[in-house]
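You will see two complexes here that share chain A, one where it goes with chain B and one where it goes with chain C.
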Partner chain A sequence: MDLYLLQQVINALSYGSILALLAIGYTMIYGILGLINFAHGEIFMIGAFCAYLLITFVGSPFILGIAAAVGGAMLIGLFIERFIYRPCLNRNAEVLTVFIASFGASLGFRNLMTMIYGDGRRAFPIPPQLDQILVTESGLFINTKDIWIFGVTLILLIAVSCFIKFSRLGVAMRAVAYNANAARLVGVNSRVIVTLAFAIGSALAGVSAVAYGTSFGILNPSMGYLAGLNGFIAAVLGGIGNVPGAAIAGFIIGLGEVLFVGLLPPSWSAIRPTFVWILLFIILFIKPSGLFRPNIRIE
Partner chain B sequence: MNGKIKFLIGIIVYFALLWLAQNFLRDYHLRLLIQFGLTAIVALGVNLTNGYTNIFSLGFGGTMLVAGYTTALLTLPVEYKAQFLQLPLWLEQLSVPFPLAMLIAGCLGMLASIILLLPAFRLRGQYFILASMGINIVVENLAENVRWLTHGNIGLRGIPMYTNIWWVFGLLAIIFYCLHRLMQSKHGRALVVISKDQELAGVMGINVVRYKVLSFAVGSFISGIGAALWCHQVLMINPKAFSLLYVFQLVAMIAIGGTGTLSGPIIGAAILMIGTELIMPLQEGFTLFGMTIPPAFGAINVFTAILLIIIMIFRPKGLMNGKELWEHFPRLFGLKKQSSS
Partner chain C sequence: MLTIQDIYAGYDKAVVLHGISLDIHPNEVVALVGPNGAGKSTTIRCITGEIKPVKGDIRFCGNSILPLSPDKIVPLGISCSPEGRNIFGNLTVFENLRMGGFLVRDKNVLKERIDWIFNLFPRLKERHKQLAESLSGGEQQMLAIGRALMSGPRLLLLDEPSLGIAPVIVDSIYEKITEISQQGTSVLVVEQNVGLALEIAQRAYVMESGKIHHSGMSADLLNDRYILDTYLGVK
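What follows is the complex of A and B.
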């Protein structure tokens, strides 16, 4: 049983990584703008499509595919920021108005991709050297791609946390998140900071998209919906605005989902989404501000 | 006295127009008109919570699904239920007339919304939106998996056809009138105060939670009735019937038309329905001067999204901008121009 449990934990690593990377994007943008970027799941989806198109149709190496995913996701993220959020915010729109606009952006991009590529599932090209199964002496099955995904995610998480904690721009970011007007008074260009937050969040979504493609091997235009929502739930659970908290909550949700499927009878596995939402409800009921540190700022 | 006569004339003209529509419109256009009417009913119901009370909920898809399945189970032929579902005997044998089924559907939708949303009332702002969205996903997910009741992904088919133009537009008129009266009453004003400032409303002695629940109850009752009418028009229901796409289209209708007004949602519904009809050929693909344009599914939603974003940027309160149609054009409706209150 212990071995089984350990196996489930290993299986959860890559899914948890995907959610953690997505959650950071949500939490950063919420921390700085006070807005849910509802279109984050679509940024993720477009990143995956960029990698897919480049690798499958151009035949480029996998590493270029990752770069394309990151670049494409960043481009879309900045596009959304420049042409949807900024015009709204410049007119002092209410939070709700901006939310509806981002809701529109989300559905718009998803349907645009459906329009171009159809809603069918496509196979994501996984390089064979990444997709090998190792068997340990005690009988655990470890897929090398899971290790890769987890390793890359861990490095990125540490890098982003350090960036926010120690670099000048990171300090400026925290200042804007804490009090945008005061930050502006001491000479922080809050516009640049907002752009930066979108760029970092979208880039992480791009990495997450490649991880998703590698891990599940499929992609389609509506893949961003559930993944994005689960990432957002992770951001909420982690105490929104709290970057490490979001990452940890991402792993918790990933693990929770995998254990839910692994430990309960198979006929229950289809109601996974319900389980995640009930988990969210319970936690929000007990601690409305999330699991870690109740704050609306980046720590 | 004069007002009453005008009111009567208005009603007579309304029903005369409906009679003309029923007798002279082609079948396809009549269906479209009915579709528009029931969409407007749902939009009015949703607008009560999302517009007037300003608690933005995306959970109406879930409660509408509850209402839709209710009316389907209550009116489906007994043989069909026996063949495809494993229902308890009393439910299998139960068959009620359409108006009663619709009423029960509305009530169950109302109940579902209260039970599901009460926990969410602890949350505010965007957290509430998220939680309400969860209701959609949970109900949809359960509808897919509780096979003995819902027949899984395939859904229920062969629902008897009851919806016609009289039901839809009669109910639309009644609901419109009731909402109009409600918003002019003490209770309606309380909702508007809550939408502006919840603390202020509490200080003024308004029971905020009670009025929020009231708003949700009435709103989801109306949208539940809309869902029931939809079922008896489309003659089937499945878990994806009121999925995120439907929710999105309704939100777009309300936001484009104008939240917090009665005419806004109806106008928004009309704009989107007409737009859909215009874009439909593009979505299905067509041949132009020997060039074949391939079908592009989702084109309608892309246009809706673009329109929605543009409206949100340049006119955040929607086309009506917080005023009713008859306040924009008082002459046209025979009203005296009121000094702004």
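What follows is the complex of A and C.
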């Protein structure tokens, strides 16, 4: 491979990992509940804050920070499921109602955190031993943190994919996504499955948040907006409900975006966020069902 | 074993069942027949818990199942192959069966049952890795029945197992239903094809406009001129 391209791929490893981890949450919840969890980006943001607060102010080791991010994100995810979505769905709310509730939750959490912490960027504490630049003989620059992030992500993605593919509850998740009523008729408690989807999706968002903080070195209350949007588009690109598809699409988008800015003159880098919009437009235009097989009921 | 006592049930707009009573005893095949829109599927949905009657009671082995949601009724030993089959098209044949046995935690029991179902329906075995949506209609029907059997039910509910299926395959499915009942499962089968249903069922209920109009031994119903004229179209 061309050295330039290889360098871009390496540069995209972390970003692709962040999006892949986020996309799984969107795709699982959409597949099972048919709703876009707009607050997923805020679950991610709160995960980042949990890690930041614990490491920076309490002085905890990094590994505890990761645990806090995962735990905090899961707590918020389950809270949102229990107190925002479940009441809507129990009342058989219209799609638009749930959409607005979801949007409201997203704005609410973002503004709440802005109120408490302000929207300024804060420095995310990166352990120095994770942050070392290696230069290969061929002249490639490799940051050790990118390798760590990619490695951990890869392990998690494989674990979650295997869970979905082989485990009893994983098969049940796919069954509920296809036909919740039929799943109930074989004894599946769909509430348990929904809770499980929120728990897994949010936990991965927590890991993604730590990856984001480590990779970019910053966090702020609106960090979940763009990252969340890109994760959501990865879920669409991967075929909604398809967990490995979402993960692969996350990497495709990450790499695409890095190449997109890489090809543009530096003064244009501010238009980086438009990349996913262009991509979304192309997907919806050419293949609305995404690159891989969606895992939802096609009526 | 199952006793339905004078239930009234329906949908948002209208009450569809007007006082249905019905009994199923252990090891019995019972047919529920009647014209389109009679309320047969609605009756089945009341037993599975998908629809809650507004009046009356449904008891299984002595206990009322009215307060239970569908996923809590399955573990009691009632399972259903619903109208329109409702198989999981995105799962393989094997995974569909695995889902049918969702509540079975014992790996050995699970494996035995899958083998037993593959034995009943060798077609499913040949196609066990295939996505269920790529099966033919008849194969999907076999899968729906197989999936319902995976939980090891004491009562099997079959809603139109012959719908849209070639006569040869219908015959073979009905043979299997008899076989299943002989192995100790009670069966309630809903059928449009009255002749066929009365052939395998010991007893039958004839339903029309949300009420039970006749009931009795299949043999007696088959000799009843009125029933034959009205429901079998024999002139």
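One rule holds for everything that comes next: the second predicted complex is superposed on the first by the 293 of 299 C-alpha atoms of A that agree within 3 Å, B and C clash if a C-alpha of one lies under 4 Å from a C-alpha of the other, contacts with A are read in each partner's own complex, and residues count from 1 in each chain.
Here, contacts are C-beta pairs under 8 Å (C-beta built on N, C-alpha and C of every residue); 3 or more make two chains touch, one makes a residue touch a chain.
Source: prediction; values computed, not measured.
Overlay on chain A: chain B and chain C fit together in the combined arrangement. Annotation for chain A, partner touching more residues between chain B and chain C: B.
Once the two complexes are laid over each other on the shared chain, residue contacts for A:118 go to chain B alone; chain C is not touched.
Once the two complexes are overlaid on the shared chain, A:93 sits against chain B while remaining clear of chain C. Looking at the shared chain after the overlay, A:284 reaches chain B, while chain C stays out of its contact range. By the document's definition of touching, of the two partners only chain B reaches A:84; chain C does not.
Seen from the CA centre of chain A, chain B and chain C lie at an angle of 90° in the overlaid model, rounded to the nearest 10.
After superposing both complexes on chain A, the closest C-alpha pair between chain B and chain C lies 18 Å apart. The interface of chain A with chain B does not overlap its interface with chain C at any residue.
Interface residues of chain A, counted against chain B in their complex, comprise 35-36, 84, 87-88, 91, 93-101, 103-105, 107-112, 114-116, 118-119, 225, 229, 232-233, 236, 270-271, 273-274, 277-278, 280-281, 284-285, 288. Chain A meets chain C in the complex at residues 168, 171-172, 174-175, 177-179, 181-190, 295-297. Interface residues of chain B facing chain A in the complex, by the touch rule stated above, are 54, 56, 119, 122-123, 125-127, 129-131, 133-134, 137-138, 141-142, 144-145, 244-245, 248, 251-252, 255, 296-302, 304-306, 308-309, 312-313, 316. Residues of chain C touching chain A in their complex: 48, 50, 69-71, 74-75, 79-80, 82, 86-91, 95, 98-100, 102-103, 147, 150-151.
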